[in-house]
Amino acid sequence: MVNDWVYIGLFILISLFLPAAAILIAGWLAPKKPNKIKNSTYECGIETVGDTWVQFRVQYYIYALVFLVFDVETVFLYPWAVAYRQLTLFAVLEAVVFLLLLAGGLIYAWKKGALQWN
Amino acid sequence: MTFWTDPIGLLDAWLFAVLTGWGLPADVSRIILYILGGFVLATGAMVFTVFLIWLERKLIGRFQDRFGPNRVGPFGIFQTVADMLKIFTKEFITPDGADLIPYNLAPILSVAGVLFVWAVLPFAINMLGVNLNVGVLYVVAAGAIGELGMILAGWGSNNKFALIGAFRAIGQMISYEVPMILTLLVPVMFTGSMGLNDIVKAQNPWFVVVAPLAAFIFFISQVAENARAPFDLTEAESELVAGFNIEYSGLKFGMFYVAEFLHAFTISVLFAVIFLGGWLGPGAEKYPWLGLLYTMIKTTVVFFTILLMRAGLPRFRIDQVMDLNWKLFTPLAIGILIVTAVVDKSLALFTPTIRVLGLLAANLVMLLVTLRFLKIFAQKKRRPLVVPSASTELPDDISEVLL
Amino acid sequence: MTAVQIVFLAVAALTLAAAVMVVSLRRMMQSALALILALVGVAVIFALLGSGFFAVSQVVVYIGAIAILIIFAVMLTQNSMSPEHSQMNPGFLYAALGSALLFSSLVFILSMWVGFYAIPVNLDPSVDTITVLGLSLTDPQGFALPFEIVSVLLLAALIGGIYIARDHHRD
Amino acid sequence: MIPLSWILAFSLALFFIGLFGAIARKNAISILMGIELMLNAVNINLLAFWRYLYSAHMNGLVFIAVVFAVAAAETAVGLALIISAYRNRRTITAGDFDSLKG
């Protein structure tokens, strides 16, 4: 069990290291001739106007919000799913109530037009 | 333990004996072997990508009645190697005002987010990194790291278009993660474990038989998460100025490319493992090489399907993509989860055959109900278009696309 | 010192450094990135404590969702704070002093408690913690009530968040 | 193995860094980030106590899961409030939200 995590930890380090090493090697092989025009921001040849870090529509935030709620439910539903074989029908119905409440939230969002891309 | 029944175990035992023979303590030798194994697996995945890129270009070419790469080597098989040589020697152009740490971290995280998954993929009964007891969630977590890479790329580039592209990509990816998480609960439920190898072993019959709808939703949401055609509106290479990766050049750009192709293959393996029985097949338990062959055949079928979708389907619009997810897949996934849980529990006392038939019937009923609903919605939506102003607009409803 | 202890110390130091960056950096975006680093550190600590499930959940929930939400909010409100000005309230030195004082006094008090020097018991390897957790979450004698309350809480958060964040002027 | 004292000291330090952030920062999002750090410190404590003292009971683990949910709900609503306030008043400095002052 602990050994599994040792392997995972090492593997994570390796998979971070490989692309980093490749980029480093390429940076060492590649020519370096920066100039002003080349380094300017690429916006189809048009001069950059205004602050780059523009503001965004709130729609993205609402999607992220609904996503967050469904993401948190994993912490509760995955243990439930793992134990599913040993559960009684009553315990299964409890999770159904849990899911129905979440579905209610989704329906609210839908009816309020929060899921509408416009 | 011979070469034919447990090749990795054999190699591992032999190397372990060699290392301890040199006087190294057992723990240190074990860690060295872990590092070695990890290196082989991760490097293998990266090198395999070179082949995948060639395969994909060749096949897409064939689908479109072209030859594809055919100059370098037989069938153009060394084309990607030549491309790689070129891209390794290209200059890195860093835009002015870039936030350097996120900018350089982004391509690394994108590739790493896909590579992480390989640690838990079971290719055969004993050819795998580890059978982690939270394998399924680990895969989801790796996806989160990939998203982080995109957001960093969009932010670090100091470019409006990159940021907008990143926002769109993230919006799409996090949306499709919802039905993915929900449908992944179904195989976990049937198995009683989150380990991917346990999931493979529990597939009698394959989960695609007992949960076809869940498998379908999982497949489509994985393709959408990979952000390739027909879901590639974050990039739309023929129409927009690329996406979040617009300010990258040389190998840093190449890394995003590698991540995309490797991701396509990884989701094929994942789908084969979780729903198509992975390495299961006659004789696979005894001879892992056969299991590896079965995995690869199933993976290839899935991979071909993804490529066919890429070549054959037109690109969705962003509102269609979002509607498809939030208004069809997510409610349907919740419904599938509820119905499967209740039906399976109520049939727990019957024979396996009745259980399978019951689950199949439940899936069929759900499919019919969904189609019925889609039809009603489509009719509701269509009504305003009947007005004689002769609107030539294409129907903009997702149900139209599906029906 | 065993290898586990060395790893723990390194990760703890990294996490604390990242946390200090979270509260001290001027640019919000960099502060958010430091927060992600701190969250990863906490996930590693969870894994070291033998709960792989919560380590992975930490990455899925905190990094995959909460951190992304925070980054979205930072981008949505980008122009409001210029990084040239101080991000601290006028009396922040008092806050630092108070925090440090409370920290050291709590450590001092704890050091007199016997349990402070406890050594972990070995977990029974035959018990799968995740299964037991799932069973007790739906057990009416166990934690069925918190389980259902959490779903109500999430529903409330969803409705509240959407209601507040929507642009009421537009419709 | 790691002594419990190390873990508790670490989580205390993380908690107080978070507390400092929540008290001392002007920016409302920073305050929220400080609170996230504090909640994480609490989670470490819960897990440590479960592992070292009460590993036969599930209370600690259930509590961690509940803290996850609470953190998510708090972030979702808190950030929605901040965004809404920003839209109306063009500021996210916590001290400027004083329209209820008499």
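As written, the chains take the letters A, B, C and D, and residue 1 is the first residue of each chain.
What we mean here is this: contacts are C-beta pairs under 8 Å (C-beta built on N, C-alpha and C of every residue); 3 or more make two chains touch, one makes a residue touch a chain.
No experiment lies behind these values; they were computed from the predicted model shown.
Comparing chain C-alpha centroids with the centroid of the full set of protein C-alpha atoms picks out A as the closest.
Of the two chain pairs examined here, A-B and B-C, it is A-B that is joined by more C-beta pairs in contact. With centres defined as mean CA coordinates, chain C is found 17 Å away from chain A. Mean C-alpha position of chain B lies 29 Å from that of chain C.
In this assembly, the C-alpha centroid of chain A lies 21 Å from the C-alpha centroid of chain D. Shared interface positions of chain D, i.e. residues touching 2 or more other chains, are given as 65, 68-69, 72, 75-76, 79-80, 83, 87. For chain B, residues that reach two or more other chains under the stated contact definition are 132-133, 137-138, 140, 163, 167, 170, 174, 177, 192, 194. For chain A, the set of residues that touch two or more other chains comprises 1, 4, 53-54, 56, 58, 60-61, 64-69, 71-72, 74-76, 78, 81-84, 86-87, 92, 95, 102. Taken in their complex, chain B has these residues touching chain C: 27, 99, 101-102, 132-134, 137-138, 140-141, 143-145, 147-148, 151-152, 155, 163, 167, 170, 174, 177, 192, 194. Note for the complex: chain D touches chain A at residues 65, 68-69, 72, 75-76, 79-80, 83, 87. Listed in rising order, the residues of chain A touching chain D in the complex are 58, 61, 65, 68-69, 71-72, 75-76.
The part of chain C that touches chain A in the complex is made up of residues 44, 47, 50, 52-53, 55, 57, 60-61, 64-66, 68-69, 72-73, 75-79, 125, 128, 130-135, 137-140, 144, 147-148, 150-152, 154-155, 157-159, 161-163, 165-167, 171. For chain B in complex with chain A, the touching residues are 30-31, 34-35, 37-39, 41-43, 46, 87-97, 104, 107-109, 111-112, 115-116, 118-119, 129-133, 136-138, 140, 158-161, 163, 167, 170-171, 174-175, 177-178, 181-182, 185, 188-189, 192-194, 241, 246-247, 250-252, 255, 258, 318-319, 322-323, 326-327, 330-331, 334, 337-338, 341-342, 345-346.
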